[in-house]
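Just passing along the structure, written as structure tokens.
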Amino acid sequence: MARTPADLAGAEPDPPFEITFDGRPVPALPGQTIAAALWGAGILAWRTTRRTGRPRGAFCGIGQCFDCLATVNGERNRRACLTPARPGDTVTTQEGHGHDRLAV
Amino acid sequence: MPLSNSPDVIVVGAGVVGAACAYYAARSGLSVTVVDRGPVAGGTTGAGEGNLLVSDKEPGPELDLALLSTRLWRDLAAGLPDGAEYEAKGGLVVARDAARMTALRAFARSQTAAGVTAQEVPADALHDLEPHLAPGLAGGFLYPQDAQVQPALAAAHLLRASGARVRTGQEVTAVLTGASGEVRGVRTRAGDLHAPYVVNAAGTWGGEVARLAGAHLPVLPRRGFVLVTEPLPRVVRHKVYAADYVADVASGSAALQTSAVVEGTPAGPVLIGASRERVGFDRTLSVEALRRLAAGATELFPVLAGVRALRTYAGFRPYLPDHLPAVGADPSVPGLLHACGHEGAGIGLAPATGLAVARVLTGDEPPLDLRPFDPGRFTGVTA
Amino acid sequence: MTGSPSEPYDLAVVGAGPAGLAGAVTAAELGLSTVLLDASGRPGGQYFRHPAPGLGATRPGALHHDWPAFTALRRRLAASDVTHLAHHHVWTVTRRAADDWTVHALTGPDGDDGKPVRIRARAVLLATGAHERHLPFPGWTLPGVVGAGGAQAMLKAGLVLPGRRVVVAGSGPLLLAVASSLTAAGAHVPEVVEAAGYLGYARHPRALATNPHKLVEAAVHGTALARHRVRLRPRSAVTAVHGTDRVEAVTVSRLGPDWRPLPGTGRRVPCDALAVGHGLVPQTELATGLGCATRRTPDGTDALLLDAWQETTVPGLWAAGETGGTGGWQLARVEGELAAVAVTARLRARPGLTTGRRVRDLARRRDRMRAFAEAMAAAHAPGAGWTGWLTDDTEVCRCEEVTAGRVREAVDDLGARDARTVKLLTRAGMGWCQGRMCGAAVAALAAAGRPDGAVPPSPARRPLAVPVPLAALAALPEDPDGPDGPEDH
């Protein structure tokens, strides 16, 4: 019986690389999305809601719910479940709408 | 079979104008039933931005109606839950170049003489008011009386506050009349409703309701698209628009016209208008209209270029050929009153319209001269 | 080049799942110039979602019973002249005439690379599939609660799990497949919690008997689940989630026949994730924006109304697969092929194409599978009592954080009777997802205010199918759908 999804799929991935989430290193495999890399590290939340500040992460997994919005390399509102992880990506928890610096 | 408990007045239309008519009629001691084929705020009200504007109106009867409404809205909002998101944010009209600034100055001067507060804002002070405005504008005018409400909430709360009986999802299929042609009520699929007065507050569909009563009101739909952005912090403080907007509003052209109108909302998204075209009740997306709205908005506020539009919707402004609403008694059908045809200003003009209709119903002096709004002006018959 | 004003494509296919793939390769094989636009980087859609090459999966089909069928379609695609445009997110489709269409798309994995395109075609086939339907419950916004389809998608493409001990809940045939995948990938699934009774299928013996592959599928899942000691709990639902920052346990309650939770039956089940879904919702917005008519499916969703040749009520626009009602990948593939044949017959004025033996056989298979799908949908239609598990502080709209209490206020106090009015009065459905997650729930709550309690049809009105940067709109050439048309592809 397979113990991991990678066993099941017979994965022989290219070497892993590192991204960071709120400053801490997270390993990612080539071909994984940012959401997959975070799940792989046991991280389920990378956004807080704009009214009540509650944590959220990937929910629908297919780009429809927009609950997985993250700030990636300073770009706000990226869907982590669609965005491929790339070596050196810095992912930060997105607070609310993510556009605080535009406030007047 | 007649439905029980006949009211004094039946208002056809559960949009903001119908709600205001119901509210003021009820406050005058009349019992009111509101009938709508759709839901509350299901027509143009639900598609509006909720503007309460004096800035875009030239001196004349519509401005008088708007000035009265501005005062009434302030009082109404104070009594509604959360004020229906009423915000006395003020309007900022900007001019792209010196020629437009000169024209705007003359326009503002004429408005000031009619009771509007308008303050000239020199080019170098624009960014104190709106830090994200594009550079290079020639100046503008600030209109502190301009305000905004969330229109659907405003209509729903006004209706509730009126205490009127609300029958949504019931289409009026006939207006019942008596032996001498006087109004006796309306027929709906759910049954007949009797009342000595019927108020046509059916907005863009007011022409059809008039026709059911044997009256004539040439209301046409004038389509507009609104673009709505992702939620943002407050990036736009006022309602900001280019001076060209006033000319577009006053035009009667059927062709697509757009002018940039940009404003924030308490809920977060920025609303972008305004397009106008006469294409019937066609809801199909016009990519060209969206292109122009986005181009105009990002020209005024370059910071919006990186922001995404989450949705867009079309609304149908009730347009009458002389751009004035029909408010008052129908000249040929006793008991029929009209309160429709407010084009894009229905939210703003609703309270004064409702108050005027209530006064007509009770036989009291209207709050302003209603002759310019005479529904008979299109037939040559006057009330 | 093809797609430019002088030479539009014959057919633009939107979506590269089984329906779109079958449609595109069939059309190309019949001689149509065909473009296939898809949001994903790799063809397959949701069902045949699979790992990116970098993950080096030597058994990419380990999570699919029908992998060879997909690889066959993929081979035909590679051998064809189809222009496959991956990472293209279609935001609207416009029509100048029945044979003059423009497809507008954003590009990039997240539609964010700033190079929007417009593609002209003489016919359009929509194969946009479905997204999962969600019925909210207290705690469903806690991290660790994920869509059942979402868990499946993340597993198939990213080879990851949301937790080690995952309760699977909701309703519909997908739940067994998800539980089976999760266990195969090493997760422990203590329970599959199904709101329906499964007895519903028994009322449609004929539909079952004529679709034996579905029985085989169920048996395969059932055997796998039994081997992993997964308990199946019919007529039950997760009615609460426990935990502060992530899932620690769920409460499973028994349901009455109308899905109302039975008081006092709650059991606490420890877990670190919950995968939940209540069937699928056809993605119809590109079509409804053009005025296509819809029909109400037996499980209460709005699907496109299609004729025997998969054409919508707007001539020149065809649809296949889940857009016409949930029915599974085999039905989708058949419908895609039928649609391609019909489009070719129309564009090439070859009516004979539609009368051949193979085509008649396809149509028969389509009808049989569609009948089964409708029976299945009826069995899993949400019971009206499900709203009984909503507390007033349960968030219904995840984006705008609108609670059930506020929706009920709009219904009880302000007279809202449909989802659109609730939206206008509460903002439920106005956020990033545009009501895709909360739409079914809001419609059901609004129906509580109607005398007949019936949920009114409310096919999605989303003129923008995906969020569009204002810069992308502003940069369109003047009159982008006008007579001079697109020039950029």
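When the chains are written out, they are named A, B and C in that same order, and each has its own residue count from 1.
The criterion applied here is as follows: contacts are C-beta pairs under 8 Å (C-beta built on N, C-alpha and C of every residue); 3 or more make two chains touch, one makes a residue touch a chain.
Being a predicted model, the structure only gives us computed values, none of them experimental.
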With chain centres defined as mean CA positions, report which chain is farthest from chain C.
-> B
Among the chain pairs here, which one is joined by the most contacts?
-> A-C
Distance from chain C to chain A - Cα centre to Cα centre, in angstrom | 23
Taking each chain's centre as its mean C-alpha position, how far apart are chain A and chain B in Å?
-> 45
Using CA atom averages as chain centres, what separation in Å is found between chain B and chain C?
-> 39
Send over the residues of chain C in touch with two or more other chains.
-> 400, 431-432
Mind pulling the chain A residues that touch 2 or more other chains?
-> 50
Specify, in ascending order, the residues of chain B that touch 2 or more different other chains.
-> 230-231, 307-308
Across the complex, what residues on chain C touch chain B?
-> 92, 94-95, 102, 104, 289-291, 400, 410, 413-418, 420-421, 424-425, 427, 430-432, 434, 450, 461-464, 467-471, 473-474, 476, 478-482
Touching residues on chain B, where the partner in the complex is chain A | 130-132, 230-237, 268, 303, 307-308
Any idea which chain A residues touch chain C in the complex?
-> 1-14, 29-33, 35-37, 39-40, 44-45, 49-52, 54-67, 69, 75, 78-79, 81-84
In the complex formed with chain C, which residues of chain B make contact?
-> 14, 39-42, 46, 152-153, 156-157, 159-160, 166, 168-169, 227-231, 267, 269, 272, 283-285, 287-288, 290-291, 293-295, 297-298, 304-314
Chain B contact footprint on chain A (complex, rising order) = 50, 77, 96-97, 99-100, 102-104
